[in-house]
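The two complexes that follow have chain A in common; it is paired with chain B in the first and with chain C in the second.
Up next is the complex of A and B:
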(Lines of atoms letter the chains of each structure in order from A and count residues from 1; the text may use other names and numbers.)
(Lines give C-alpha, C1' and ligand atoms only; values in the text may rest on other atoms or scores of the structure.)
Protein backbone atom coordinates (compact mmCIF):
# COMPACT_ATOMS: atom_id res chain seq x y z
CA UNK A 1 0.00 0.00 0.00
CA UNK A 2 1.22 3.49 -0.82
CA UNK A 3 1.42 6.18 1.83
CA UNK A 4 2.38 9.87 1.82
CA UNK A 5 5.71 11.16 3.05
CA UNK A 6 5.23 14.80 4.09
CA UNK A 7 8.00 17.42 3.78
CA UNK A 8 6.07 20.45 4.90
CA UNK A 9 2.96 22.59 4.67
CA UNK A 10 2.39 25.38 2.14
CA UNK A 11 -0.51 27.72 1.56
CA UNK A 12 -3.02 26.13 -0.71
CA UNK A 13 -1.90 25.94 -4.26
CA UNK A 14 -4.42 23.52 -5.64
CA UNK A 15 -4.71 19.81 -5.03
CA UNK A 16 -2.29 17.57 -6.86
CA UNK A 17 0.02 20.34 -7.97
CA UNK A 18 3.37 18.82 -8.95
CA UNK A 19 6.71 20.50 -8.32
CA UNK A 20 9.43 20.20 -10.93
CA UNK A 21 12.44 19.46 -8.69
CA UNK A 22 16.01 18.25 -9.27
CA UNK A 23 16.06 16.27 -6.02
CA UNK A 24 15.07 12.61 -5.90
CA UNK A 25 12.23 12.33 -3.36
CA UNK A 26 12.31 10.27 -0.16
CA UNK A 27 10.56 6.93 -0.76
CA UNK A 28 9.55 5.16 -3.94
CA UNK A 29 7.55 7.91 -5.65
CA UNK A 30 9.07 9.97 -8.46
CA UNK A 31 7.04 13.09 -7.86
CA UNK A 32 6.73 15.75 -5.21
CA UNK A 33 3.18 17.11 -5.21
CA UNK A 34 0.53 18.65 -2.98
CA UNK A 35 -2.50 17.32 -1.17
CA UNK A 36 -4.71 20.22 -0.14
CA UNK A 37 -7.49 20.76 2.34
CA UNK A 38 -9.00 24.22 2.26
CA UNK A 39 -6.31 26.80 3.00
CA UNK A 40 -3.28 24.55 3.42
CA UNK A 41 -1.59 21.86 1.39
CA UNK A 42 0.91 19.20 2.38
CA UNK A 43 3.90 18.74 0.09
CA UNK A 44 4.30 14.98 -0.28
CA UNK A 45 5.79 12.09 -2.20
CA UNK A 46 4.68 8.46 -2.27
CA UNK A 47 6.29 5.89 0.02
CA UNK A 48 5.65 2.23 0.81
CA UNK A 49 6.49 2.22 4.52
CA UNK A 50 4.91 4.21 7.36
CA UNK A 51 8.18 4.12 9.31
CA UNK A 52 11.05 5.20 7.06
CA UNK A 53 14.57 4.53 8.27
CA UNK A 54 16.63 7.62 9.07
CA UNK A 55 19.42 7.27 6.55
CA UNK A 56 21.79 10.12 5.73
CA UNK A 57 20.70 9.83 2.12
CA UNK A 58 17.00 10.30 2.88
CA UNK A 59 17.73 13.05 5.41
CA UNK A 60 19.62 14.89 2.68
CA UNK A 61 16.77 14.35 0.22
CA UNK A 62 14.23 15.66 2.71
CA UNK A 63 16.36 18.77 3.22
CA UNK A 64 16.99 19.27 -0.49
CA UNK A 65 13.32 19.02 -1.41
CA UNK A 66 12.59 21.72 1.16
CA UNK A 67 15.47 23.86 -0.06
CA UNK A 68 14.23 23.70 -3.64
CA UNK A 69 10.79 24.74 -2.40
CA UNK A 70 11.99 27.69 -0.32
CA UNK A 71 14.47 28.83 -2.98
CA UNK A 72 12.23 28.25 -5.95
CA UNK A 73 13.34 25.90 -8.70
CA UNK A 74 13.14 25.58 -12.45
CA UNK A 75 9.53 26.42 -13.12
CA UNK A 76 8.36 27.13 -9.59
CA UNK A 77 8.27 30.24 -7.47
CA UNK A 78 9.80 30.23 -4.01
CA UNK A 79 7.36 28.94 -1.39
CA UNK A 80 6.93 29.66 2.28
CA UNK A 81 7.09 26.24 3.91
CA UNK A 82 6.27 25.06 7.43
CA UNK A 83 8.73 22.17 7.65
CA UNK A 84 7.96 18.72 9.05
CA UNK A 85 10.31 16.64 11.12
CA UNK A 86 11.87 13.73 9.21
CA UNK A 87 9.69 10.62 8.94
CA UNK A 88 6.16 12.02 9.01
CA UNK A 89 4.34 9.46 6.86
CA UNK A 90 0.55 9.43 6.62
CA UNK A 91 -1.21 6.17 5.98
CA UNK A 92 -4.06 7.79 4.07
CA UNK A 93 -5.00 11.08 2.44
CA UNK A 94 -7.95 11.20 4.82
CA UNK A 95 -5.71 11.18 7.88
CA UNK A 96 -3.57 13.87 6.27
CA UNK A 97 -6.52 16.12 5.48
CA UNK A 98 -7.83 15.59 8.99
CA UNK A 99 -4.57 17.03 10.35
CA UNK A 100 -4.59 19.90 7.82
CA UNK A 101 -8.02 20.77 9.18
CA UNK A 102 -7.40 20.15 12.87
CA UNK A 103 -4.06 21.97 13.07
CA UNK A 104 -5.20 24.71 10.69
CA UNK A 105 -5.14 27.53 13.28
CA UNK A 106 -1.58 26.66 14.34
CA UNK A 107 -0.45 26.44 10.71
CA UNK A 108 -2.05 29.79 10.02
CA UNK A 109 -0.32 31.53 12.91
CA UNK A 110 3.03 30.02 12.02
CA UNK A 111 2.62 30.87 8.34
CA UNK A 112 2.04 34.49 9.30
CA UNK A 113 5.29 34.54 11.27
CA UNK A 114 7.50 32.93 8.64
CA UNK A 115 5.87 34.34 5.49
CA UNK A 116 8.45 34.95 2.76
CA UNK A 117 11.35 33.85 4.97
CA UNK A 118 14.10 31.25 5.05
CA UNK A 119 16.36 30.21 7.90
CA UNK A 120 20.10 30.95 7.91
CA UNK A 121 22.57 29.62 10.48
CA UNK A 122 25.58 31.59 11.72
CA UNK A 123 28.30 30.04 13.85
CA UNK A 124 31.37 31.96 14.95
CA UNK A 125 34.17 29.68 16.08
CA UNK A 126 37.34 31.04 17.65
CA UNK A 127 40.66 29.69 16.51
CA UNK A 128 42.24 27.25 18.95
CA UNK A 129 44.54 29.62 20.80
CA UNK A 130 42.72 32.84 20.18
CA UNK A 131 41.43 34.83 23.13
CA UNK A 132 38.26 36.66 22.33
CA UNK A 133 35.81 38.90 24.12
CA UNK A 134 32.61 36.90 23.79
CA UNK A 135 30.34 39.70 24.93
CA UNK A 136 31.80 42.17 22.51
CA UNK A 137 31.43 39.71 19.64
CA UNK A 138 27.85 38.85 20.58
CA UNK A 139 27.06 42.53 20.56
CA UNK A 140 28.75 43.13 17.19
CA UNK A 141 26.85 40.19 15.68
CA UNK A 142 23.55 41.39 17.11
CA UNK A 143 24.07 44.93 15.86
CA UNK A 144 24.94 43.77 12.37
CA UNK A 145 22.50 40.88 11.85
CA UNK A 146 19.41 41.46 14.00
CA UNK A 147 18.19 44.49 12.00
CA UNK A 148 18.16 42.31 8.86
CA UNK A 149 16.30 39.40 10.45
CA UNK A 150 12.63 39.00 11.33
CA UNK A 151 13.61 36.94 14.33
CA UNK A 152 16.50 34.91 15.69
CA UNK A 153 17.14 32.14 18.20
CA UNK A 154 20.26 31.11 20.09
CA UNK A 155 21.32 27.51 19.56
CA UNK A 156 23.39 25.34 21.86
CA UNK A 157 27.05 26.35 22.23
CA UNK A 158 28.29 22.78 22.37
CA UNK A 159 31.98 23.73 22.29
CA UNK A 160 33.78 26.46 24.23
CA UNK A 161 35.28 27.54 20.92
CA UNK A 162 31.80 28.28 19.63
CA UNK A 163 31.39 31.95 20.46
CA UNK A 164 28.10 32.49 18.66
CA UNK A 165 25.57 29.95 17.37
CA UNK A 166 22.32 31.46 16.14
CA UNK A 167 19.63 30.82 13.57
CA UNK A 168 18.05 33.76 11.78
CA UNK A 169 14.68 34.09 10.10
CA UNK A 170 15.41 36.23 7.04
CA UNK A 171 12.99 37.50 4.42
CA UNK A 172 13.93 37.01 0.77
CA UNK A 173 14.29 40.78 0.33
CA UNK A 174 17.04 40.89 2.97
CA UNK A 175 19.00 37.85 1.80
CA UNK A 176 21.68 39.80 -0.07
CA UNK A 177 22.10 42.34 2.69
CA UNK A 178 22.43 39.48 5.14
CA UNK A 179 25.14 37.84 2.98
CA UNK A 180 27.02 41.14 3.01
CA UNK A 181 26.63 41.54 6.78
CA UNK A 182 28.04 38.05 7.36
CA UNK A 183 31.00 38.86 5.11
CA UNK A 184 31.56 42.10 7.07
CA UNK A 185 31.57 40.23 10.37
CA UNK A 186 34.07 37.77 8.99
CA UNK A 187 36.31 40.57 7.75
CA UNK A 188 36.13 42.36 11.10
CA UNK A 189 37.14 39.34 13.21
CA UNK A 190 40.20 37.58 11.92
CA UNK A 191 40.54 35.23 14.89
CA UNK A 192 37.08 33.82 14.20
CA UNK A 193 35.93 31.26 11.66
CA UNK A 194 32.49 32.02 10.30
CA UNK A 195 30.27 29.08 9.37
CA UNK A 196 27.31 30.35 7.41
CA UNK A 197 24.74 27.64 6.68
CA UNK A 198 21.54 27.39 4.71
CA UNK A 199 19.18 28.35 3.43
CA UNK A 200 16.82 26.03 5.27
CA UNK A 201 13.08 25.90 5.72
CA UNK A 202 12.53 27.76 9.02
CA UNK A 203 12.97 24.77 11.36
CA UNK A 204 14.01 26.85 14.35
CA UNK A 205 10.94 29.06 14.06
CA UNK A 206 8.29 26.37 13.93
CA UNK A 207 7.25 24.27 16.89
CA UNK A 208 3.94 22.54 16.39
CA UNK A 209 3.01 19.18 17.81
CA UNK A 210 -0.17 17.40 16.87
CA UNK A 211 -1.29 14.65 19.20
CA UNK A 212 -4.23 12.27 19.05
CA UNK A 213 -6.54 11.69 21.99
CA UNK B 1 33.01 46.44 -4.08
CA UNK B 2 31.03 44.96 -1.24
CA UNK B 3 31.88 41.39 -0.49
CA UNK B 4 29.26 38.78 0.31
CA UNK B 5 29.25 35.36 1.85
CA UNK B 6 27.01 32.70 0.37
CA UNK B 7 25.42 30.32 2.85
CA UNK B 8 26.62 26.75 2.50
CA UNK B 9 24.04 23.96 2.47
CA UNK B 10 26.41 20.99 2.37
CA UNK B 11 26.72 20.25 6.10
CA UNK B 12 24.90 17.03 7.03
CA UNK B 13 25.26 17.90 10.73
CA UNK B 14 23.38 21.17 10.20
CA UNK B 15 20.65 19.27 8.34
CA UNK B 16 20.30 16.54 10.96
CA UNK B 17 20.21 19.15 13.75
CA UNK B 18 17.13 20.53 12.14
CA UNK B 19 15.14 17.75 10.52
CA UNK B 20 15.55 15.16 13.30
CA UNK B 21 14.93 17.50 16.25
CA UNK B 22 12.76 20.31 14.97
CA UNK B 23 9.80 20.95 12.73
CA UNK B 24 6.19 19.88 12.95
CA UNK B 25 5.67 16.56 14.75
CA UNK B 26 2.50 14.56 14.27
CA UNK B 27 1.59 11.68 16.51
CA UNK B 28 1.52 8.27 14.83
CA UNK B 29 -2.18 7.78 15.68
CA UNK B 30 -3.08 11.02 13.92
CA UNK B 31 -1.18 9.73 10.87
CA UNK B 32 -2.61 6.24 10.63
CA UNK B 33 -6.22 6.57 11.67
CA UNK B 34 -9.11 8.97 11.51
CA UNK B 35 -11.95 7.07 13.10
CA UNK B 36 -12.66 8.06 16.68
CA UNK B 37 -9.67 10.30 17.25
CA UNK B 38 -9.53 13.92 18.29
CA UNK B 39 -6.53 16.04 17.52
CA UNK B 40 -4.73 18.13 20.09
CA UNK B 41 -2.41 20.81 18.70
CA UNK B 42 0.27 22.31 20.89
CA UNK B 43 2.61 25.10 19.94
CA UNK B 44 5.33 24.06 22.30
CA UNK B 45 7.74 26.91 21.97
CA UNK B 46 5.17 28.87 23.77
CA UNK B 47 6.05 29.54 27.35
CA UNK B 48 3.36 30.85 29.61
CA UNK B 49 4.85 34.13 30.80
CA UNK B 50 2.35 35.31 33.36
CA UNK B 51 -0.87 34.46 35.13
CA UNK B 52 -2.61 37.00 32.94
CA UNK B 53 -1.37 35.37 29.80
CA UNK B 54 -2.23 31.97 31.16
CA UNK B 55 -5.80 33.02 31.86
CA UNK B 56 -6.08 34.51 28.40
CA UNK B 57 -5.07 31.24 26.79
CA UNK B 58 -7.04 29.11 29.19
CA UNK B 59 -10.12 30.98 27.99
CA UNK B 60 -9.23 30.37 24.36
CA UNK B 61 -8.57 26.71 25.01
CA UNK B 62 -11.95 26.39 26.69
CA UNK B 63 -13.50 27.81 23.50
CA UNK B 64 -11.65 25.25 21.45
CA UNK B 65 -12.74 22.42 23.69
CA UNK B 66 -16.30 23.58 23.43
CA UNK B 67 -16.05 23.71 19.64
CA UNK B 68 -14.49 20.25 19.61
CA UNK B 69 -17.14 18.77 21.87
CA UNK B 70 -19.88 20.23 19.75
CA UNK B 71 -18.11 18.99 16.67
CA UNK B 72 -18.13 22.47 15.26
CA UNK B 73 -14.90 22.46 13.32
CA UNK B 74 -15.85 25.45 11.21
CA UNK B 75 -15.86 27.65 14.32
CA UNK B 76 -12.62 26.10 15.39
CA UNK B 77 -10.88 27.12 12.23
CA UNK B 78 -11.98 30.69 12.66
CA UNK B 79 -10.63 30.90 16.15
CA UNK B 80 -7.71 33.27 16.57
CA UNK B 81 -5.25 33.38 19.37
CA UNK B 82 -3.11 36.47 19.14
CA UNK B 83 0.57 36.33 19.80
CA UNK B 84 2.01 38.59 22.44
CA UNK B 85 5.67 39.43 22.22
CA UNK B 86 6.44 38.47 25.81
CA UNK B 87 4.65 35.19 25.74
CA UNK B 88 3.51 32.39 23.60
CA UNK B 89 0.16 30.90 22.86
CA UNK B 90 -1.06 27.42 23.43
CA UNK B 91 -3.83 26.08 21.31
CA UNK B 92 -5.72 22.87 21.22
CA UNK B 93 -7.93 21.58 18.51
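Up next is the complex of A and C:
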Protein backbone atom coordinates (compact mmCIF):
# COMPACT_ATOMS: atom_id res chain seq x y z
CA UNK A 1 0.00 0.00 0.00
CA UNK A 2 1.24 3.49 -0.79
CA UNK A 3 1.32 6.19 1.87
CA UNK A 4 2.16 9.90 1.88
CA UNK A 5 5.50 11.21 3.11
CA UNK A 6 5.15 14.86 4.19
CA UNK A 7 7.87 17.52 3.81
CA UNK A 8 5.94 20.58 4.86
CA UNK A 9 2.84 22.73 4.51
CA UNK A 10 2.32 25.50 1.97
CA UNK A 11 -0.50 27.93 1.43
CA UNK A 12 -2.89 28.44 -1.48
CA UNK A 13 -1.38 25.87 -3.76
CA UNK A 14 -4.31 23.73 -4.78
CA UNK A 15 -4.52 19.96 -5.02
CA UNK A 16 -2.20 17.78 -7.06
CA UNK A 17 0.27 20.49 -8.04
CA UNK A 18 3.61 18.90 -8.84
CA UNK A 19 7.01 20.50 -8.27
CA UNK A 20 9.80 20.04 -10.77
CA UNK A 21 12.72 19.47 -8.38
CA UNK A 22 16.32 18.35 -8.80
CA UNK A 23 16.18 16.28 -5.61
CA UNK A 24 15.04 12.66 -5.66
CA UNK A 25 12.14 12.35 -3.22
CA UNK A 26 12.20 10.32 0.00
CA UNK A 27 10.54 6.93 -0.58
CA UNK A 28 9.56 5.19 -3.78
CA UNK A 29 7.57 7.94 -5.50
CA UNK A 30 9.22 9.89 -8.30
CA UNK A 31 7.46 13.20 -7.80
CA UNK A 32 6.77 15.77 -5.14
CA UNK A 33 3.23 17.13 -5.20
CA UNK A 34 0.54 18.70 -3.04
CA UNK A 35 -2.52 17.38 -1.27
CA UNK A 36 -4.75 20.28 -0.28
CA UNK A 37 -7.57 20.94 2.11
CA UNK A 38 -9.02 24.42 1.69
CA UNK A 39 -6.34 27.05 2.38
CA UNK A 40 -3.39 24.75 3.12
CA UNK A 41 -1.65 21.99 1.20
CA UNK A 42 0.80 19.34 2.31
CA UNK A 43 3.85 18.83 0.08
CA UNK A 44 4.26 15.06 -0.22
CA UNK A 45 5.74 12.13 -2.10
CA UNK A 46 4.65 8.49 -2.16
CA UNK A 47 6.23 5.94 0.16
CA UNK A 48 5.64 2.26 0.90
CA UNK A 49 6.31 2.29 4.65
CA UNK A 50 4.75 4.24 7.51
CA UNK A 51 8.01 4.11 9.47
CA UNK A 52 10.87 5.29 7.24
CA UNK A 53 14.38 4.70 8.52
CA UNK A 54 16.34 7.91 9.07
CA UNK A 55 19.32 7.30 6.81
CA UNK A 56 21.76 10.13 6.05
CA UNK A 57 20.70 9.96 2.40
CA UNK A 58 16.97 10.29 3.07
CA UNK A 59 17.45 12.96 5.74
CA UNK A 60 19.43 14.96 3.16
CA UNK A 61 16.71 14.42 0.55
CA UNK A 62 14.10 15.70 2.98
CA UNK A 63 16.14 18.85 3.65
CA UNK A 64 16.98 19.34 -0.02
CA UNK A 65 13.34 19.15 -1.11
CA UNK A 66 12.50 21.82 1.46
CA UNK A 67 15.48 23.94 0.39
CA UNK A 68 14.38 23.78 -3.26
CA UNK A 69 10.83 24.78 -2.32
CA UNK A 70 12.11 27.69 -0.24
CA UNK A 71 14.54 28.89 -2.91
CA UNK A 72 12.29 28.16 -5.88
CA UNK A 73 13.66 26.14 -8.78
CA UNK A 74 13.16 25.56 -12.48
CA UNK A 75 10.53 28.25 -12.78
CA UNK A 76 8.68 27.35 -9.58
CA UNK A 77 8.18 30.36 -7.35
CA UNK A 78 9.89 30.42 -3.98
CA UNK A 79 7.46 29.11 -1.37
CA UNK A 80 6.89 29.91 2.27
CA UNK A 81 6.94 26.48 3.85
CA UNK A 82 6.05 25.27 7.34
CA UNK A 83 8.60 22.47 7.53
CA UNK A 84 7.89 19.08 9.06
CA UNK A 85 10.56 16.97 10.71
CA UNK A 86 11.95 13.95 8.89
CA UNK A 87 9.83 10.81 9.02
CA UNK A 88 6.24 12.03 8.98
CA UNK A 89 4.07 9.61 7.02
CA UNK A 90 0.29 9.47 6.66
CA UNK A 91 -1.41 6.23 5.84
CA UNK A 92 -4.02 7.82 3.58
CA UNK A 93 -5.00 11.11 1.95
CA UNK A 94 -8.00 11.17 4.22
CA UNK A 95 -5.85 11.05 7.39
CA UNK A 96 -3.66 13.81 6.00
CA UNK A 97 -6.63 16.03 5.12
CA UNK A 98 -8.01 15.53 8.63
CA UNK A 99 -4.77 16.96 10.00
CA UNK A 100 -4.84 19.86 7.54
CA UNK A 101 -8.36 20.62 8.76
CA UNK A 102 -7.65 20.10 12.47
CA UNK A 103 -4.37 22.04 12.56
CA UNK A 104 -5.69 24.86 10.35
CA UNK A 105 -5.61 27.52 13.10
CA UNK A 106 -2.03 26.59 14.07
CA UNK A 107 -0.93 26.64 10.42
CA UNK A 108 -2.59 30.06 9.92
CA UNK A 109 -0.85 31.51 12.98
CA UNK A 110 2.53 30.10 11.98
CA UNK A 111 2.18 31.16 8.36
CA UNK A 112 1.53 34.74 9.52
CA UNK A 113 4.78 34.66 11.49
CA UNK A 114 7.00 33.26 8.74
CA UNK A 115 5.30 34.49 5.56
CA UNK A 116 7.87 35.71 3.04
CA UNK A 117 10.77 34.69 5.28
CA UNK A 118 13.60 32.19 5.15
CA UNK A 119 15.93 30.86 7.81
CA UNK A 120 19.64 31.67 7.63
CA UNK A 121 22.31 30.19 9.86
CA UNK A 122 25.44 31.99 11.06
CA UNK A 123 28.28 30.20 12.79
CA UNK A 124 31.44 32.04 13.81
CA UNK A 125 34.34 29.73 14.63
CA UNK A 126 37.63 30.94 16.09
CA UNK A 127 40.80 29.91 14.31
CA UNK A 128 42.82 27.19 16.07
CA UNK A 129 44.71 28.73 19.03
CA UNK A 130 43.21 32.18 18.40
CA UNK A 131 42.12 34.11 21.48
CA UNK A 132 38.90 36.05 20.98
CA UNK A 133 36.64 38.24 23.07
CA UNK A 134 33.38 36.30 22.87
CA UNK A 135 31.27 39.06 24.44
CA UNK A 136 32.58 41.69 22.06
CA UNK A 137 31.88 39.45 19.07
CA UNK A 138 28.39 38.55 20.26
CA UNK A 139 27.62 42.23 20.65
CA UNK A 140 28.95 43.09 17.19
CA UNK A 141 26.90 40.30 15.64
CA UNK A 142 23.75 41.37 17.47
CA UNK A 143 24.17 45.02 16.48
CA UNK A 144 24.76 44.18 12.82
CA UNK A 145 22.32 41.31 12.22
CA UNK A 146 19.39 41.65 14.62
CA UNK A 147 17.97 44.83 13.01
CA UNK A 148 17.76 42.97 9.68
CA UNK A 149 16.00 39.89 11.07
CA UNK A 150 12.40 39.31 12.09
CA UNK A 151 13.60 37.02 14.84
CA UNK A 152 16.59 34.97 15.90
CA UNK A 153 17.46 32.05 18.15
CA UNK A 154 20.71 30.91 19.74
CA UNK A 155 21.72 27.37 18.87
CA UNK A 156 23.83 24.88 20.73
CA UNK A 157 27.56 25.69 21.09
CA UNK A 158 28.68 22.15 20.49
CA UNK A 159 32.36 23.01 20.09
CA UNK A 160 34.62 25.20 22.24
CA UNK A 161 35.78 26.86 19.02
CA UNK A 162 32.24 27.98 18.24
CA UNK A 163 31.88 31.63 19.27
CA UNK A 164 28.46 32.32 17.78
CA UNK A 165 25.83 29.88 16.53
CA UNK A 166 22.51 31.53 15.68
CA UNK A 167 19.61 31.10 13.28
CA UNK A 168 17.83 34.12 11.85
CA UNK A 169 14.38 34.53 10.36
CA UNK A 170 14.89 37.00 7.52
CA UNK A 171 12.36 38.37 5.03
CA UNK A 172 13.29 37.87 1.38
CA UNK A 173 13.46 41.66 0.96
CA UNK A 174 16.24 41.88 3.55
CA UNK A 175 18.23 38.93 2.19
CA UNK A 176 20.76 41.01 0.31
CA UNK A 177 21.34 43.41 3.20
CA UNK A 178 21.78 40.43 5.50
CA UNK A 179 24.34 38.85 3.13
CA UNK A 180 26.29 42.11 3.15
CA UNK A 181 26.15 42.37 6.94
CA UNK A 182 27.54 38.84 7.34
CA UNK A 183 30.32 39.61 4.85
CA UNK A 184 31.14 42.79 6.82
CA UNK A 185 31.38 40.80 10.05
CA UNK A 186 33.71 38.31 8.38
CA UNK A 187 35.93 41.10 7.06
CA UNK A 188 36.07 42.75 10.49
CA UNK A 189 37.19 39.61 12.37
CA UNK A 190 40.23 37.96 10.82
CA UNK A 191 40.59 35.41 13.64
CA UNK A 192 37.18 33.97 12.85
CA UNK A 193 35.94 31.51 10.25
CA UNK A 194 32.37 32.15 9.14
CA UNK A 195 29.86 29.57 8.05
CA UNK A 196 26.84 31.29 6.56
CA UNK A 197 24.19 28.78 5.52
CA UNK A 198 20.73 28.74 3.98
CA UNK A 199 18.19 29.61 2.96
CA UNK A 200 16.38 26.91 4.87
CA UNK A 201 12.74 26.32 5.66
CA UNK A 202 12.34 27.99 9.06
CA UNK A 203 12.63 24.93 11.32
CA UNK A 204 13.84 26.96 14.26
CA UNK A 205 10.88 29.33 14.16
CA UNK A 206 8.06 26.82 13.85
CA UNK A 207 6.60 24.98 16.79
CA UNK A 208 3.92 22.70 15.40
CA UNK A 209 3.67 19.02 16.20
CA UNK A 210 1.11 17.01 14.31
CA UNK A 211 0.43 13.33 14.70
CA UNK A 212 1.13 11.16 11.70
CA UNK A 213 -0.46 7.91 10.40
CA UNK B 1 29.59 -11.18 63.18
CA UNK B 2 28.96 -11.86 59.53
CA UNK B 3 25.73 -9.87 59.65
CA UNK B 4 27.40 -6.87 61.27
CA UNK B 5 30.26 -6.91 58.73
CA UNK B 6 27.80 -7.13 55.89
CA UNK B 7 25.78 -4.19 57.19
CA UNK B 8 28.91 -2.10 57.69
CA UNK B 9 30.22 -2.78 54.21
CA UNK B 10 26.93 -2.37 52.32
CA UNK B 11 26.88 1.49 52.23
CA UNK B 12 30.41 1.54 50.80
CA UNK B 13 29.45 -0.99 48.16
CA UNK B 14 26.56 1.31 47.22
CA UNK B 15 28.96 4.25 46.84
CA UNK B 16 31.32 2.18 44.70
CA UNK B 17 28.39 1.20 42.46
CA UNK B 18 27.33 4.83 42.11
CA UNK B 19 30.91 5.95 41.33
CA UNK B 20 31.24 3.20 38.78
CA UNK B 21 28.00 4.28 37.11
CA UNK B 22 29.24 7.89 37.08
CA UNK B 23 32.51 6.77 35.52
CA UNK B 24 30.61 4.85 32.84
CA UNK B 25 28.42 7.89 32.22
CA UNK B 26 31.52 10.02 31.67
CA UNK B 27 33.31 7.44 29.56
CA UNK B 28 30.27 6.85 27.38
CA UNK B 29 28.96 10.42 27.29
CA UNK B 30 26.46 10.41 24.43
CA UNK B 31 26.10 14.20 24.28
CA UNK B 32 29.88 14.71 24.13
CA UNK B 33 30.19 12.22 21.26
CA UNK B 34 27.29 13.87 19.40
CA UNK B 35 29.00 17.24 19.86
CA UNK B 36 32.27 15.80 18.48
CA UNK B 37 30.34 14.54 15.45
CA UNK B 38 28.90 18.01 14.85
CA UNK B 39 32.33 19.62 15.29
CA UNK B 40 33.85 17.17 12.84
CA UNK B 41 31.18 18.06 10.27
CA UNK B 42 31.65 21.80 10.86
CA UNK B 43 35.45 21.69 10.50
CA UNK B 44 35.11 19.65 7.32
CA UNK B 45 32.60 22.12 5.87
CA UNK B 46 34.92 25.02 6.76
CA UNK B 47 37.76 23.29 4.91
CA UNK B 48 39.83 22.76 8.07
CA UNK B 49 39.63 18.98 7.88
CA UNK B 50 40.33 16.87 4.79
CA UNK B 51 37.63 14.55 3.48
CA UNK B 52 39.69 11.48 4.42
CA UNK B 53 40.23 12.72 8.00
CA UNK B 54 36.59 13.71 8.25
CA UNK B 55 35.35 10.28 7.15
CA UNK B 56 37.77 8.42 9.40
CA UNK B 57 36.82 10.50 12.43
CA UNK B 58 33.10 10.24 11.61
CA UNK B 59 33.28 6.48 11.41
CA UNK B 60 35.15 6.22 14.73
CA UNK B 61 32.71 8.57 16.47
CA UNK B 62 29.68 6.74 15.10
CA UNK B 63 31.07 3.49 16.49
CA UNK B 64 31.69 5.18 19.87
CA UNK B 65 28.14 6.52 19.80
CA UNK B 66 26.67 3.12 19.12
CA UNK B 67 28.66 1.58 22.00
CA UNK B 68 27.71 4.45 24.32
CA UNK B 69 24.02 4.02 23.52
CA UNK B 70 24.26 0.27 24.18
CA UNK B 71 26.00 0.89 27.52
CA UNK B 72 23.36 3.41 28.62
CA UNK B 73 20.58 1.07 27.56
CA UNK B 74 22.13 -1.70 29.64
CA UNK B 75 22.61 0.63 32.63
CA UNK B 76 19.00 1.76 32.41
CA UNK B 77 17.76 -1.81 32.23
CA UNK B 78 19.66 -2.73 35.41
CA UNK B 79 21.17 -5.73 33.66
CA UNK B 80 24.74 -4.48 34.07
CA UNK B 81 26.66 -6.31 36.78
CA UNK B 82 29.26 -4.09 38.41
CA UNK B 83 32.37 -6.23 39.03
CA UNK B 84 34.43 -5.58 42.16
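Please note the rule applied: the second predicted complex is superposed on the first by the 210 of 213 C-alpha atoms of A that agree within 3 Å, B and C clash if a C-alpha of one lies under 4 Å from a C-alpha of the other, contacts with A are read in each partner's own complex, and residues count from 1 in each chain.
Simple rule for what comes next: a contact is a pair of C-beta atoms (placed from the backbone, for glycine too) under 8 Å apart; a residue touches a chain by one contact, two chains touch by 3 or more.
This is a predicted model, so every value here is computed, not measured.
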Simultaneous placement of chain C and chain B on chain A, clash or fit: fit
Which superposed partner A:193 touches (first chain B, second chain C, both, neither): second
Partner chain in contact with A:132 - chain B first, chain C second, else both or neither: neither
Per-residue contact with chain A, leading partner among chain C and chain B: B
Chain B versus chain C as contact partner of A:140, first or second or both or neither: neither
Touched partner set for A:159, first chain B, second chain C, both or neither: second
Least C-alpha distance (whole Å) that remains between chain C and chain B when both complexes are overlaid: 6
Those residues of chain A which chain B touches in one complex and chain C touches in the other: 195
Complex interface listing, chain C residues touching chain A: 34-35, 38-39, 42, 45-46, 48
Residue ranges of chain A touching chain B (in the complex, touch as defined): 8-9, 38, 50, 54, 56, 59-60, 62-63, 67, 82-86, 88-92, 94-96, 98-99, 101-106, 109-110, 113, 119-121, 155, 176, 179-180, 182-184, 186-187, 194-201, 203-204, 206-213
Chain A to chain C touching residues, read off their complex: 123, 125, 128, 156, 158-159, 161-162, 193, 195
Sites on chain B touched by chain A in the complex: 2-9, 11-12, 14-27, 29-34, 37-46, 73, 76-77, 79-81, 83, 89, 91, 93
